[in-house]
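Report on the structure given below.
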């Protein structure tokens, strides 16, 4: 089996009666309404059809890894918030997991539960706003997006009450969490979680049967199972391509083995934008199930384990990964016995999911290229780091 | 067979319900009227924007109570510089990830609020154009001297000077802290008090133990020697 | 739980294959990397079809002081010089068997780093190897599209190398806290 | 009926109030659209700009004026290398045809009753043909803007606009043909009179089908969502007016809304009975003029119907995403065109059936034609849709 690689269709310019035609080269981005940030696609068009597409990265590059290598372990924590600024909580968690692997800190029970709650709330936030943005890319005038943001706001309030900030939470610490949640927070969360399915019902009614959305997304941006595995696609995108692989189930990090939840995936080898959109819609319902169980079972107690005052791990290597809302978010740390990591590496799901952008966009329409990019779900803070 | 275009009609029903609902159900309309009472009372905290004054005072669950923005320095009494908690140990300066804190230690010691002789910061600047509100300075501070403020109306036309907060801008009283973050401030004060009593109890116990030991060891020694020992403690 | 992949069966198969116990990684000789990778991917015992993470690690030449107990039973400090090197690290998982990770390392010198590209084996290496090329200056032989990815094309140097220094004409926007930065750059230890 | 030649005063009295009214309505419609969209999206919408120098908000009714002032004072930027002349002409050309066709809407404003000569515009015998001929010019303006901007997005937008407008012109005209067939006249006033006498055409099966086709095609003609491809924000920035700013942009904006009024006005004329409504009797002997309960009632009804249609347009805009360009063309050629041709046949048979003047036969004809049209629409829909339908998903425990 050889690795499937991208090949541009053998495209030939038509020359007729001495008239020369050429492709229309459009540089979509770095400021374009729907590249989700400063991302560029150099597109070659034949009429409306995409003949070639080259993603161009690096407009938001700040060498996060180098910064972190010149900083104490703890000081990188707030910078992980800024990787994928929709999911600061899961970013924190992945980094904390990697650091905890280096020094083996016990995480108290309550902190583990709160970590799961935060991560699943984050997943709701990410998926709901992603679906909103995705429909926006399809050309809806922001209505689904604003409904999504209406609900996101409620979860953002919860984050703010717990951590003090809406997006840059900086809430996780090695061995636990920074502080306990305030009084009554769990009740407010329960209320939000209980009402979320109603919103999802409404949202599904608005979107899932709409003929225009169906015809715009089905058969668009197909990603075969083999290519998805080979290209290292993770997260909802992988499951939409027909692979049942969820790191919450495979690695069972944290306490995910205690919760009963299902992982939606598709069985057929289509993997188009509709699948990716629907898998995210279905995943939100499962997140709500996890949240309900976690909120029911959460014990009292300490919030942070016995972490050393000065974090100075012995020389070792650790790779930890979590199922972030966008895919596998991994942190690879090499300690050399100093308070700074010798090597600090982020495995960004957004960047690696973009590997197949070209393959999916070729010979689609330019409007589809935007939709496909939307369905990949990227955040440029993470792509460029 | 479904009705022709039924998906579109369902969607239109949803938007219509939201259209009507936004007039009747408050929670469908997350934004509030962007208005405040009089010309003079400009918003000071995030909570001011969506809320009327009375409503905001009653509400302890949202924005101001929990949010953090930029750090501030705490002082205990009425005269800020005399009761400043900061002892210019520069831990926060060293652990600040974007390195936005600048401290100069004083050359001589001064009495702090509890009467102890301590250093104090001769200069304490925070460049809020760089600060990323991560709260790590608050966590590392062993003296509870620096906490997060929730004031955010800091915009200024001066890009260089205006965003560099000096000691005078940063110093806030503990009462102010209690007003903006009541729960957190109460917890912090309780912890400080607990630590203090624990420390005192420990000290007392240690002193007593030492006393006993000394007594047992050399019961016949003079009082002067005993005193000497206590001083050495 | 995820099962780590046993490395023992692989060691005998290929000459020159080493197991780095400290790092927990399989060190492959650079010339055979693609062959071994393909074998690992297609062999039924491993089926490592998913390459999660690709990165480089730059090791400068350094002196390691070690306390060694000599024959006489005395401890003495020995200075050992570890040569500089460049590691390219691959984290491999199996999606079919749900096992992993197996860490694969290609080791090369850091003056003229050159390794075999594994992009033909796993597509997921494509962008990550470009990133390693960009930030570490490692040349991947057989990479279909080796260009800079994060830095711009005219950029000189490879910023993730440990000995990289900013060029003197680096564009710098003055801020009111330049003094603070200066003090930090004078070599304060960050706790 | 012989008419006196028009004087300049007559023309001014007929046209200036019309332009003023529609310019005001344009301002009001932008406010309405922003407000309604905001409410659909659970926002408040414009609510601050009211009477200047006071804090009286007036629900943001001053917003359009503020927008207008802003637009006028904004810098007019023409890209380097653009064709300056056509860049300037395009927004003007976009506005003129839209304004022009407004004159031929059978609006019975009270002041025109007194001037005998001014009845003439409403009695233009080829009003419907004239309407389509003039609105066709809009395509030219859009393409001119797209080409002259020297911007690839503008060009794409211009190309899309031409393809879309030309394609949708056909179902638009074909559905209007049905009304012309039923009435036997191209005169707008006569069409209205016929509907006032018999029934509004929207109430018959073929009329309803024709109205739906007309309305959808009208959305496409005026580049409204879900057919706003020429200005698709998420794909090609702002399409053909990407490079327009300031007053030129305002002219485009104005032209677009006036075109909306015009095409809704035509829909009202053709299918919704024009100025007909409670309190209004159309005078058969005095073509186009009506006896009203109070002066201007007929015009109010007409405008109310226009606004009803515009409200639906806004509602659709707030709900639907955009079609793709091939689907858009497919929809026009594979769905709307066959359906409207079939509709013409159905309408023809129905007209003959109605000539028999038998209630039972008429009812049967209506039922049959409804069934035929709905069946044809469903069939075409199924054919076009292919395998597109909601899917089932699996769960792994």
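Each chain gets a letter, A, B, C and D, in the order it is written, and its residues are counted from 1.
Throughout what follows, a residue touches a chain if its C-beta (ideal position, glycine included) is under 8 Å from a C-beta of that chain, and two chains touch if they have at least 3 such contacts.
Note that the structure is predicted; figures quoted are calculated from it, not measured.
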TODO: Return the chains common to the contact lists of chain A and chain D.
DONE: B
Open item on the list: Per the definition at the top, count C-beta pairs in contact and tell me whether A-C or A-B has more.
Closed with: A-C
Open item on the list: Taking the mean of the C-alpha atoms as each chain's centre, how many Å separate chain A from chain C?
Closed with: 25
Open item on the list: Report the inter-centroid distance (CA atoms only) between chain A and chain B in whole Å.
Closed with: 32
- [ ] Go ahead and note the Å separation of the Cα centroids belonging to chain B and chain C.
- [x] 42
TODO: Calculate how many whole Å lie between the centre of chain B and the centre of chain D, each centre taken as the average of the chain's C-alpha atoms.
DONE: 60
- [ ] Provide the list of chain C residues touching at least two other chains, using ranges where the numbers run on.
- [x] 189-191
- [ ] For chain D, jot down the residues that touch at least 2 other chains.
- [x] 40-43, 318-320
- [ ] For chain A, jot down the residues that touch at least 2 other chains.
- [x] 71-72, 75, 143, 147, 150, 206, 209-214
Open item on the list: Which residues of chain C touch chain A once you look at their complex with the stated criterion?
Closed with: 1-2, 22-25, 42, 49-53, 55, 57, 89, 91, 95, 98, 101, 103, 119-124, 126-128, 131, 135, 144, 148-152, 159-160, 189-191
Open item on the list: For the complex, give me every residue of chain A touching chain D.
Closed with: 24-26, 32-34, 45, 47-48, 135-143, 146-147, 150, 206, 208-216, 218-219, 244, 246, 249, 262-267, 274-275, 278-279, 282, 365-368, 370
Task: chain D-facing residues of chain B, complex - done: 1, 4, 8, 11-12, 14-16, 18-19, 21-23, 28-31, 33-34
Task: chain B-touching residues of chain A, taken from the complex the two chains share - done: 71-72, 74-79, 81-82, 143, 147, 150, 153, 157, 160-162, 164-166, 168, 170, 178, 182-184, 188, 202, 205-207, 209-214
Task: Contacting residues of chain D [partner chain A, same complex] - done: 37, 40-43, 152-153, 155-156, 159-160, 225-226, 228-229, 232-237, 317-327, 385, 387-391, 393-397
